[in-house]
Every structure is written in C-alpha cells, then in structure tokens.
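Per-chain residue numbering starts at 1, and chain names A, B, C, D and E are given in the order in which the chains are listed.
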C-alpha cells in the first residue's frame, strides 16, 4: 500500500494551489477592506481599495508613480547594497575577533540606537540633500541589521568545522569564504530580508528630510494635503516593491539551501 | 612546558582589561570628538562632549531628563515586551506551518515595509495621542524583526531533533517549549537585540507624531529651538539606555549558552 | 481613541480639562502659550494640556478621534480636510494674514540683483532662479510661492522646490543646497541670523496683499464637539481672546512670557525679530467670520489655480 | 496515525506473529534531479518479541529500512506495516535510535535521558529516578548534569541508548547502537539489552550492526542485505543456540561459529576462510 | 607556530625518533564550576613513521589525547611536542580525523574531500583527480556530487577519512576511523591505510580504536589507557608479527593472538578467558 505522495506535482495542482493560497485570500482581504472603508472607517483615514487602485492607475498612466519609484529605488538599491556589504563585512570581522568586538560593540550599539530622523542636519551637512544623503540614510538603516545578524551567524559557526579548517591551515580569507560565509548564510539571509523593507523606509526618511521626488516625497505631499488616497497609493508602491523583492530573495535562497539540505528537511519538517 | 593559560582570572587583570578596553578607547573617542567640534565642525552641528555633558548634568539635576526618560522607557518597554512576545509567537506559528506561512508571508512583508512615520494620522485615529499610540508604534517596530528572526530560527531547527521529538509523540506545545524555543534561542536573541534600539526609535517616532513628554519630545523641542546641545543630550540619553540594555542582554544570553556550549566553543573559537 | 466626554463635566460652566494639540511648536501660537502662562484658562476653570503633533495631518485625526478637543493649526490644512469631508471647524483666529516669510540667501539675492527696493514682480520673477526649501511642496508654502510667482508672471509649475524637514532647512541653506526657503517662524529668522539670508517677502509685513485680513492660523475643533460642548468651547475662545488682547496691549511682556516659557533656548535676538512679525499678524480678538475665511479660500483657489470645493461658511464654527 | 479500517487481524500474522512486516518495498532518493535506487523489492518480517539483526555492507540501505519503519520516509512502492497497521506517517509506536547523534545539546545528560518520560508527563522525581538508574547501569553515574558537548563519543552514544530504552514502546529500532563502544562496555550493554529490554519486557527489536558475531549473538534472525540497490539476500534463523544469557561461552559453540561463517560468506566471500578463527567480538 | 627557540635537536629524540612526545600531561575540564580530571600524568611516545594504536574504555581520554596533539585544547601541566616543537596552538602539521562528523554540509562529497587541496591552492583539475581516485578506492565512485546529508553513515565516515588522507602532512591522528564500517570494507580500508598511507609515505599515525584486534593488526605499538582519571597503564610493542600485508592470515598467528589476549586482560579482565577464541575482526 504505497503512501500517498506528498505534494505531487500534477499539472493543475499548482494552479489550484495558487488560486487557493493567493487569489482567494487576496480577494477576501480586499473585499473586507472595501467593506470597512465603506461602512466603518471614514475613507479619509482608510480609503477604499477601489479608489486606491484608480489612483495608482492614473499615476501609472501619467508616469508620476514610475518616476518617483525610480528615484526611491535608485536610493534604496545603492544604499542597500552598500549597507549589506558593509554590515556583512563588519559582522564577519567582529565575529572573528573577540578583541575588536569587545572594543567596538558598545559604540556600534550606541550608533545603532540613534534615531536617524533626528540627525537630519548632520546628514545634510555631510551628504548634502541629494542622492548621496539618501543612500547614506538607507545604508545606515541596513548596515546594523545585517551586521548584528551576521555577527551572530559567525558566532554560531559549528566549532567542529572551524577546527577542521584551522587544522587544514586555512588562511583567514579562506576561513571567511569557505566556511563562515556559507555557514552564516542563513543569518545573512535574514539580515537581508529584514533590512530591505528598512532600506525602503530609510529612503523615505531621507526623502522626508529633503527631497523633490521619490515615494517619500509623494507620501509627504499627499499627507500634507489630506490626500489619503494618494498617501495610500504611495504606500502601495512601497509594499509592491518590498513584496516582490522578498519573494525573489526567498526563492533564490530556498533554491540554494535546498540543494544540500532538501532530503533531510523534506523528511522531517515540522509541518 | 605548560602552555600559557588563556585569559587567566588573576585579580588586577580584569581591571587592567577594563581600562584598556573601555576607559582608554572612550577617552580617545571623546578627545577626538572634542577636537573635531572645537576645530572642524561648527558646534551648531556637532556640539562638544563637554557642553553635552554639562547639559546632561543640569537636566539630571532639575529632573527634566529623568522625567522624560521615564516616559520614553514606559512606552518602550511595554511595546517591546508586546512586540517580542507577538513576534516570537508568530514566528513560531509560521515556522511550524508551511501552509500558514505560505498564506500570510506576503501580507506580513507588505505591512512590514510600510513606513510607519507616514502612518501618523492613522495611528492617532486608532490609538489616540497618548501612551497606547506609542506602545503600538514600538510594538510594530519590534514585532517584525523578532518575527523574521524567529521564523528563520524555527526553520533551522535540526531535523534530527525534530524527528526525535516527533517519534517520542511530543505534542505541538511540547515541540515548541522543549525543542523550538531552546533551539531557536540564538535567533530570537538577535531579534531582541536588533529590535530594542528599534523600540526606542519607535517610541521617539511616536513622540514625534504626538507628545508632551519623552525623549522624542525633548529632541523635537530642541530641534525646533535650534538647541543642538539639547538635541545631543537627548540622543545621549537614548544611547545610554540602548547600550545598558544591550550589555545586560548579551551578558544574560552568554551566560545561558555558555553552560552547554562553553567547552567546545572556548576550544575552537575563531579568535 | 479618547472620548469626547472627558470634559463633559465642564459643559455646565464647571471646571473642565481639555487637551490641545499644536501642529508644531511655533511662535505663531503665542496666544495659547500666553493664555496658559497668564492663567486665562484657569480663570475659565479650564485645565489645559498641550501636546505637540507632527503637522496639520496629525491635528485633524487627533480632534476627530477625540484624543484632543482643540487644535492649533493652519486654515490651509483645515481646508484640505474639509474638502475631504471632515467636519472640522475654525473657532478662533490665531493669525490673520500669512505668518510665513520667504527668505533668500544674500549671495543669491546679490546675484539676482534683488534689494530692498525690488518690486513684488521682480521678486516673483526671481523665483525662477531659486531653489526654495519648503516643508511640503503642496499646501501652504506652495500657495504662498505660487502667489508670489504669479505676481512675477512666472508659471507656478516652473517653481523649483525642495521639501526639507524644518530642522534641516538651516543647514541646507548654509551648505548652499537651497537658495531660499519659506518655512514657519522662527526658522526663517534663524536663517537670517545664521545662514546669511535676507527677507525676500514678508507676509506678516503685508507683502502679499492677497492675504490681507485672511485668517491663516486658527483654533480647530470637531464640529460635533463645538455643538455638544458649547460652554467649554466658548470659555476656551474667551481665554484665547484675553491672551490676544494681552499680547496687543503688553507686547514686550508677552514676548518675555512666551520666550522664557517655551522658547528659552532660542537666541533672544532671533526670537524678538520673529516676535515682531508674529505680533503683526496676531488679531486683537479671536472672532471669525465666514467672510474672513472665504478670503483664505479665495486665496487658495487663486494660488493653486484650482476650484476649491469649500466655502468660508463650512470652515466656520459658531461659538456662542 | 494507524489506519482504523485495517485492524491487526487483516495482517496475515496474529498478535504473536510479526511486529513489523515489510513487503515489496522500493525506495529511491532524488539527488540533483537524478534518482538513485536505495532499496528494491525488499521483504522483511520481524516477529513480535524477537530480535532481528540487519547486516550488510555500508550504503546497502539498512538505515533506510529503519527509517521506513519509523515512518520518517515513505517508500515508492510496497507496504510497511507495524503492529498490523500500515505506516503512513511518523510511527509513534517505535523507539528509534538513529545512527547519528540526536541528543539535545542544551539539555543535561539527565534531561536528555528523561525526555521520553518528561513528554509523557511522568513526575520529575519518578523520571529522574528511572533515568538515574539506567545511567548508573551504563557507567554514567555522576555525569547526570553534564551537557552532551562535555562527553566522550562513547558516552554520548550510551546516553542515546538510555533515552531510547525509556521510550516505553514495544518496538525498538537501533542503528549500530554499540559501534562506538569499547569491547568491555559493549558486552555489558549487549547482555543488558538481552536481559532487561528483551527478555523481561518481550520487546521487539530490530537492530543494525556491522559486527556479524554481534548479529548472531543477539539476533533471533539475521537479515542480510546486499547493495546496488539494496535488497535482502538471505535470512539466517538463529534458533539452535540455546540459552543466550552467557554471551561469552555462547561464542565458543560450534553452532554460533557456523552461523557467523555463513554470514561472512555472504557479505565478504573473499574473507570467509578466516571467519572460523575469529569473527566474534560480541 | 613552532617555537623557534626550541629546535628539533633539543627534543631528546632525533629526526627518526619520536614524532609525538607527550610528557607528564594532565588535563581537566570544568563543568559547572566543578573540575573533573580527564587525564593525569600521561606520557606517550609515538615514533616517527610508525603506527601507534590507542585503546581503552570509553571516556578514558583517548580523544582528549588526540585533541592535545592537534592543539585544539591545552594541558594544565606537562608538555606535548610534535616534530620536536611544543604544541602551543592549533597544530597545522597533523591531519586530524575526529570521532564525530565534521563534513561541510553545503559541500559535495568531491568538494569535501578536495578541501585540503583547495586550501593549498592546488588546481581544480589536479585536486579533482586526486579526490576522484581516493573516492573510487573507498567505494564512493559515482557519489562525488552528493551532499553529506544524502550519504549513509558509513559513507560519510569514508569521506572524512578520504579528506584526512589528502591533508598532505606527515602525521595522522585518527579517532575510531573504521568503527562505522562493515567488516568487508573495514579490512579493505585497513589494508589501504597500511599500504598507501603508511608504508609508501612513511607517515606517522596515531589512531584510536575500541577493536583490540584492529589495534594489534595495524599498530607498531598499542598504548592502553585506563580511566578514572585517564592514564596509560601499558604499552604493548607489536614487533614480532613479521609482514603485515596479509592482514587476514596475520590474525591467525599465535603472536597476534597473544598480543590480543594481553590487551583483553588489561581492558576487560573478566572477559579474558574468551579472548583467545575470538577477539579479532580486523
């Protein structure tokens, strides 16, 4: 009596699954929202999805949304890449040296805890009001999260494997490239995952400090004129960017780890 | 020829270590800063540590600082506890159910990416301008970070141990309490570590949205009256709170894990 | 959210405590600060607590949700809210005439040949060459700038505005990132003091005639609160009225009260300069009329080039 | 878990018949999209209350068979039944001692061993008493509060065995339980397994070993696997050894040595000429 | 790493003398503030180019001795010298095959085995050739692109051994290398170890085993440990066995059996009466 195959990849199943897991719940959420904003909450505070969709449509049509998304994405991606690289490097460096981590960790923590919004003037002084200021803001938002995750990831590298590498006379660079990075990848992944939306927030905070385009600018303008529909259209754009990135990232990471962990995971997963 | 003991706990060593690792570098940083703000950057942007210290002193003396710290701490801690508990629970729940995580993860991601600063009006509408609004703000800042870390932590639980628990007929609750939480503790720890400073930032953002006391209010007031020294004194208070918490948290977590992992770690640590 | 009934006890003329939100800590709201410090609220058996919120966008929901009973904010914000169907009314005038200055860096002014004798048209024309820092590129500052631009025959769409946070504006000007700014007092005053700026247009001094006698900053409340708590409302307005009268009568004393009580860290000279302008636009009494408010509405429709879907009537809350 | 529509009576073997029945089982693993056959058409019968040894070269699928019985993996074809019911999910009615380390690193030795009792909500005092007793028996008295990382390899294995023995179920799957133990300890634990676990309680035991003498000394039957892909080539019934309690003299009996020789000839034909002379380190 | 002030000549043993000299070594571990003595006053000598077997009951400190030589832990007292120099930090001049699993889970079998060459920057083609060769020898041909999680227990151990053998250093520390292998494979790999690694290259090997026959069959000397706390109770010199290359007939020689009997009497006195009859599963 063969046990039923789990999740057989029959054609049709995938479509049915997609409908069940994505289309139906989304439809329910949107319907509920429409109902709430029609009957419960004034649309000034929570506009109906229909009107947001209309606004997004018209802003897409006249190029306003894409233009501003482009600005924000440019800031976000540059700062994000910078922050991830710097955060991962710093996390690895401090994870590998107890001396440096002992020395620096309180300063890093103190800097992390600074509310960046309050540092607007310093940011302008150092980076101007243009692109570089927003990139710096994004980079700082991203840096710390990636840093702390990577740091812990390095600390959690299997001691047996460290020992094996050291006995094999691995150089520090080899240690990093061949043991620490692959081993801490799960941690770095979460650092990246958690920090991308923060990167968007960072770009928007930067735009609130000074801007003449970008999603933050769109949101600010809308908020200032009680244009809640516009505000939500801006927020919607942020959400779409974040979700697209998250789905892509999770997919890529999942594919990578599945290669060497699939069998045992598939066998004993919690669900 | 006995090898030199590493880090012998001689009396005096600890003091020397403290001076070398903490006092000297701090003195250097402060001296540099004083020099920079005296000669390089106008104190309007970066006031000298001496004047900040003087302000902190006078604000401590007249109770202004403690009063406002108390407000912010009250908001921070309440929201933090809420966010950590909710985030950890949600992370565990989604980590344990592929179905729920598949269903909910895009929505969670979308909500996470919302710039909370832009949601001020909605927050006021839902939570008023008092304590609960700030607690909600803090909770939301904390929730997501703890959530994502816990979620990944659950996914990384050793499949062999899951299998062992399942064969032993562990209930879902036992699975959570006796396997998942202890195993994902490193992840939850980083979630907590990364989110506490965010909790402070959340409280301050909440106070920027609406407040009549708190560090955010102090900062806002100082910024509005071009009182850079006051601004930095406020930032200093935030830093102190964050660093104290981080040191305490790291200490407690280190003590816990050292119990069962010390020997092998001490032996093969990277540094 | 909070509850409208928190102060219900005061509706019979008895003691009441009210929450007031201010959309920013601005000298414009001097009457409020004076009323607190001089005990005018206490005289009316009102206990007032002030909360600073982030802008007009936060004032309206605070009133709407009952978290606060009165708000000090701009009519322009109210207008936006009312057009969105919010039942928010102005019950007292706080500034009549625009309280914004447009300042320009001296260097840029010299380059453009602007001086004290330049006409409004020349100044408006100069906007074409200026990057102007504003809190927001829509709403109040936009109206002011576009009004000025029109005076100079410049199309408002040609304005080169940069949205900057008010705390960052001075730095932005100092470092040459912006050439001019129109941001609330005392930021512009501080810019003159610190960032080498000079006044281009001073609305408080009446440089923009369109805004003459038009209320710009008012006390807001939700329409329902005004009707359900007529007594508290009228006592509140009365106290504000006393404060405004006091300000007109004892300007120096009033200035000192406000400065030491709320703006102690601001440079005294800067404060005094700003104060002089604010005193200009603070009315002698808070009474508002639909006609006055209509002036503001007209100004907005002219400046924005759009038909405003609200009237002075709708903005006015009748205080008994 | 158990299929309610299929009672034990449909099994073809009575309650005192087979505890585990594997029939026509094939199992393949997919590695990089290429499937490799681990087991093909495996049939196996483990009578209730008896010890079945599984032997065969490394990689022939012994652990895979135990995994199938434990329900942690599923076969492509064929059926796996335990106590009369098909195994379709995790099988809670077996205690499984896997080949690798599966101790909980953050739990002390005591808490690792007592875990099965803890999960069954046995009182703290009672479970500690039981755990302490079995730990003493395994030479781990005084190590109750150590953590796994502080133990030697053989100690860890003993803790694992101790935990499996406290599972409180009637079928034990053990994957090379004594492989990491020194000769002396091994004999002690083998005797203990026979006595305490098997004879006193009547448990069914399936155990994998690469020590052919051990397979004969402990097993009521020895199932011999051959690789490429894994299948059963022989079942040796060990029913002529008489009393097993004296393991040491047992190994000297001619029947014992004959059995061992047969197994050697099956798993390592080229080494068979010496299996008579040695081959037994129970 | 090596102390430059202490040349090999100070060692008391010439270059063809001892590769490893341990003298007066004590080691204790602190568990919950309580220290427990793992080794006390251990002296040990591993002649260059020879195989030294370490045997003793579980927990007596065999792995600890290897760890000391590898420099992953430090003794409280006494000295550990390798190739004439004191071991004060990680000892890069040994290849260490620890008792537990230390494969890199995200690397394929090929990349795990070739790792030592990769770290020495051997070209990709050359290292793959070497790895492929040794994998084939160990019966793992065709599994090069599997990941460790996809291997059986014995396969993983073989991968680990293969990796250790590619380390390119002259001293090998092996902690129960063949414990998880079936009889046939074990003999094949033992022969291979003797031939390829030892006789052809003259490497020094220290290896831990709980199989006394294996200890005698492979070792030039067998060091016997006793627990509580760990110390050396006997060193058995195995110099009368003649040619070892025929491992199988070796075990039948009376000298071999005498050695094994001696060891049995040391590690398990109560079992000694049967050590003559069996005891050898090389």
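Things to note:
The criterion applied here is as follows: a contact is a pair of C-beta atoms (placed from the backbone, for glycine too) under 8 Å apart; a residue touches a chain by one contact, two chains touch by 3 or more.
The chain lineup, named per UniProt: A, B = ABC transporter permease; D, E = ABC transporter ATP-binding protein.
Model, not experiment: these values are computed from the prediction.
Ranking every chain by how far its Cα centroid lies from the centroid of chain E, the top place goes to C. Chains A-B form the pair with the most C-beta pairs in contact. Rounded to whole angstrom, the centroid-to-centroid distance between chain B and chain E, based on C-alpha atoms, equals 48 Å. In whole angstrom, the spacing between the mean C-alpha positions of chain D and chain E is 28.
In chain E, the residues that touch at least two other chains are 29, 31-32, 72, 100-101, 147, 150. Residue positions of chain C touching 2 or more other chains, listed in rising order: 57, 60-61, 64, 167, 170-171.
Chain A has residues 45, 118, 121-122, 125, 160, 163, 166, 208, 220, 223, 228, 259, 263-264, 267-268 in contact with two or more other chains.
Chain A contributes residues 21, 25, 29, 41, 45-46, 95-99, 102-103, 105-107, 109-110, 112-118, 121-122, 125, 144-145, 148-149, 152, 154, 156-157, 159-160, 162-163, 166, 175, 180, 186-187, 189-190, 193-194, 197, 200-201, 204-205, 208, 216, 219-220, 223, 228, 231, 234-235, 238-239, 241-243, 246-247, 250, 264-265, 267-271 to its touches with chain B in the complex. Taken in their complex, chain D has these residues touching chain B: 70, 72, 90-92, 94-96, 98, 100-102, 104-107, 115-116, 118-120, 147-150, 167. If you check the complex, the residues on chain D that touch chain E are 29, 31-32, 55-59, 61-63, 99-101, 139, 145-147, 150-155, 158, 175-176, 179-187, 210-213, 248-249, 251-252, 264, 267-268, 271, 273-274, 277-282. Those residues of chain C whose C-beta lies close enough to touch chain A in the complex are 55-57, 60-61, 64, 77, 80-81, 83-86, 133, 135-139, 160-165, 167-168, 170-172, 175, 177-178.
Within the complex, the chain C residues that touch chain B are 1-2, 19, 21, 24-25, 49-54, 57-58, 60-62, 64-68, 166-167, 170-171, 190, 194, 263-267.
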